[in-house]
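Residue numbering begins at 1 within each chain, and the chains themselves are lettered A, B and C in the order written.
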């Protein structure tokens, strides 16, 4: 028997699998990457400019994949459109469809389109064949890239980013709310849940963009802008401090209050969740990267050393945040709501909700990002010449 | 108080009429059933439950419940107390379907607790359903629409009582229907019909003649997990504080 | 002048408006007709759930024909035990009394389901350790299941 103690008979089977762990992880990366992008746009942090477009494309790539694990997990995927037909107003999950669409279409796609419009118009004039057709469609038949038009785009883009920040908060805050609002489950039910999800999202998104930026530069054999990397790492450090404090507030609150579920949950953390929660999430995934990042802030390290630390800390951060999602989603289902027993989660491999689809869905956004980078190159230097030429020709 | 007898008298004319219509092959016209005239709940008398498992078996047969899942089940609580410290042991082998082996341990407080959907008035499960595939009917029964359920399992997570499960073949959420197909025809539920000791009594809270009102007035009755304010309508008589 | 430079934005707005319009049209076509009839759910679901076939006919149906058993039972200890609790689901028999005949019951297995001694059962409930009590003998050798108390010459035992 995989269970200890007493479970209600229907509880032995876990309902939400690794795919549901993946979902908040992916949307977290989206929200985090977008907020990093908005730093440059709204808060005018010039140093992070080289990551701006990459952050937007990363957000789009992950956002496109985010609903797939949910879809795969449904007992009847063919009925998911019902969420748009008859959304139940009292359900946090029903809002998913609308928040998702709003964020995808009204914020992300729009912002990317406005920011890339000049490039798209230029590309529609300089490319041939299918590519040309694609860019022609993307221009929506308007090739007006006069200074006035671009100024309008810039202003509208700014407004959209301003709207986008609360939207990104909404997108991920509501994911936290899905868990935090379940009063039946004391492991989930806390008003801090959306806030913790939000800050951990920013942490993971910033870390992901930092890593991708350095990785892509390496592939392109271009040097990473050290001022940019330092600034992004600094923001990662600040966000991490806030995120860690919030998680500790939650933990201390639970320990001090010691409600009826405490003994059961405490036992779970010390046994079944010890590795994933205490070791991976807290020690390796949070404390260690914070210490490493603090080191780069305090000590005078060489550029190479700093970059290596950023890469290492970034990887640890992503592992730690994934572990956090795991501990929330899976941990919340390991104990009985009678507080008298525990079950285990057995992950399949090549099953519908197993490890293999989870890995595929994690790699898929990177592939989409690769395509997006090909179609909408985020680097400006190569395009500078043709764009200015085209503008002049106009 | 003789509840079964009184209940029987309340239900008899309607049931007889219902059965005639069922035999005539027209269940939809069985009774003049109006949802607005009923508000269903159930009374469970722990002092009467003998843990025989009749209710569980009856439910499985009446509703084709898949093996290993339960719309109703029985738990056995065993509470040992030493120096004011209680230790709790609970079991429910096969949902109590085949009864329980006797423990014969002296000095232990033992009792059975039949469980099922509480048909909450403020049900946390229907609250979270994203599409309206599970709902509270106007007569107070929590149901699942098999043709509309996505199988997202949010409702299973939201139920504090562990009453829901995902049907392994149909891939939709399932739960106790309070034998909606029976009670709307004047019959009682399969579990109540088959409880040999009358430990379970279907109750219509909108029917002034239903003996439930007298019972609630004269007994100390509790619901499960009252602090969650789910508006549970599964009323327990003689419920021990240890029961979760 | 200014409007002309924002023309591409109006085109985009047009694309969005078209998307929303298509959504509204598709939605009105796809939402089930009975949705919202009684609340935020498909009203037809109630009818479908009500149509589930019945397995247990209910004691009222049994008593319509077996009034002799009812008379016997109502005087005894098992007055409150409904027929199908022991006899099993018999709606098919009630539908077709001649065609479907109920199985004979084995009291040696049946009665212990309730009456085997168990420390968790309420103390006042009649229970026996069956092996000691009857040594495996079928219960109906001594008891009448429909009225189980054994009547001796000196009165009820």
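Please note the rule applied: a residue touches a chain if its C-beta (ideal position, glycine included) is under 8 Å from a C-beta of that chain, and two chains touch if they have at least 3 such contacts.
Note that the coordinates shown come from a computational prediction; the quantities given were computed from them, not determined experimentally.
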- Message: Tell me the shape of the graph of touching chains, choosing from line, ring, star, complete and other.
- Response: complete
- Look at the interfaces A-B and A-C and say which one is made up of more C-beta pairs in contact. A-B
- Query: Quick one: chain B and chain C, Cα centre-to-centre, how many Å?
  - Reply: 10
- Can you check how far apart chain A and chain B are, centre to centre, with Cα atoms defining each centre and the answer in Å? 43
- Message: I'd like to verify one number: the distance from the centre of chain A to the centre of chain C, where each centre is the average of its C-alpha atoms, in whole angstrom.
- Response: 47
- Item | Residues of chain B engaged with two or more neighbouring chains | 132-133, 148
- What are the residue numbers in chain C that touch two or more other chains? 35, 40
- What parts of chain A, by residue number, touch at least two of the other chains? 85-86, 88
- Task: Provide the residue numbers of chain C that touch chain B in the complex, in ascending order.
- Result: 32, 35, 38-42, 45-61, 64, 78, 80-82, 84-86, 88-89, 94-95, 113-114, 116-122, 125, 127
- Which residues of chain A touch chain B in their complex? 6-11, 13, 15-16, 70, 73-76, 79-80, 82-83, 85-88, 90-94, 96, 178, 181-185, 332-333, 336-340
- Task: Going by the contact rule at the top, pick out the chain C residues touching chain A in the complex.
- Result: 1-2, 4-9, 11-12, 15-16, 19, 23, 27, 30-31, 35, 40
- In the complex of these two chains, what residues of chain A are touching chain C? 81, 84-86, 88-89, 105, 110, 113, 117, 139-142, 144, 146, 148-149, 152-153, 156
- Provide the residue numbers of chain B that touch chain A in the complex, in ascending order. 68-70, 73, 75, 88-92, 95, 115, 124, 127-133, 148-154, 156-166, 170-172, 228, 244
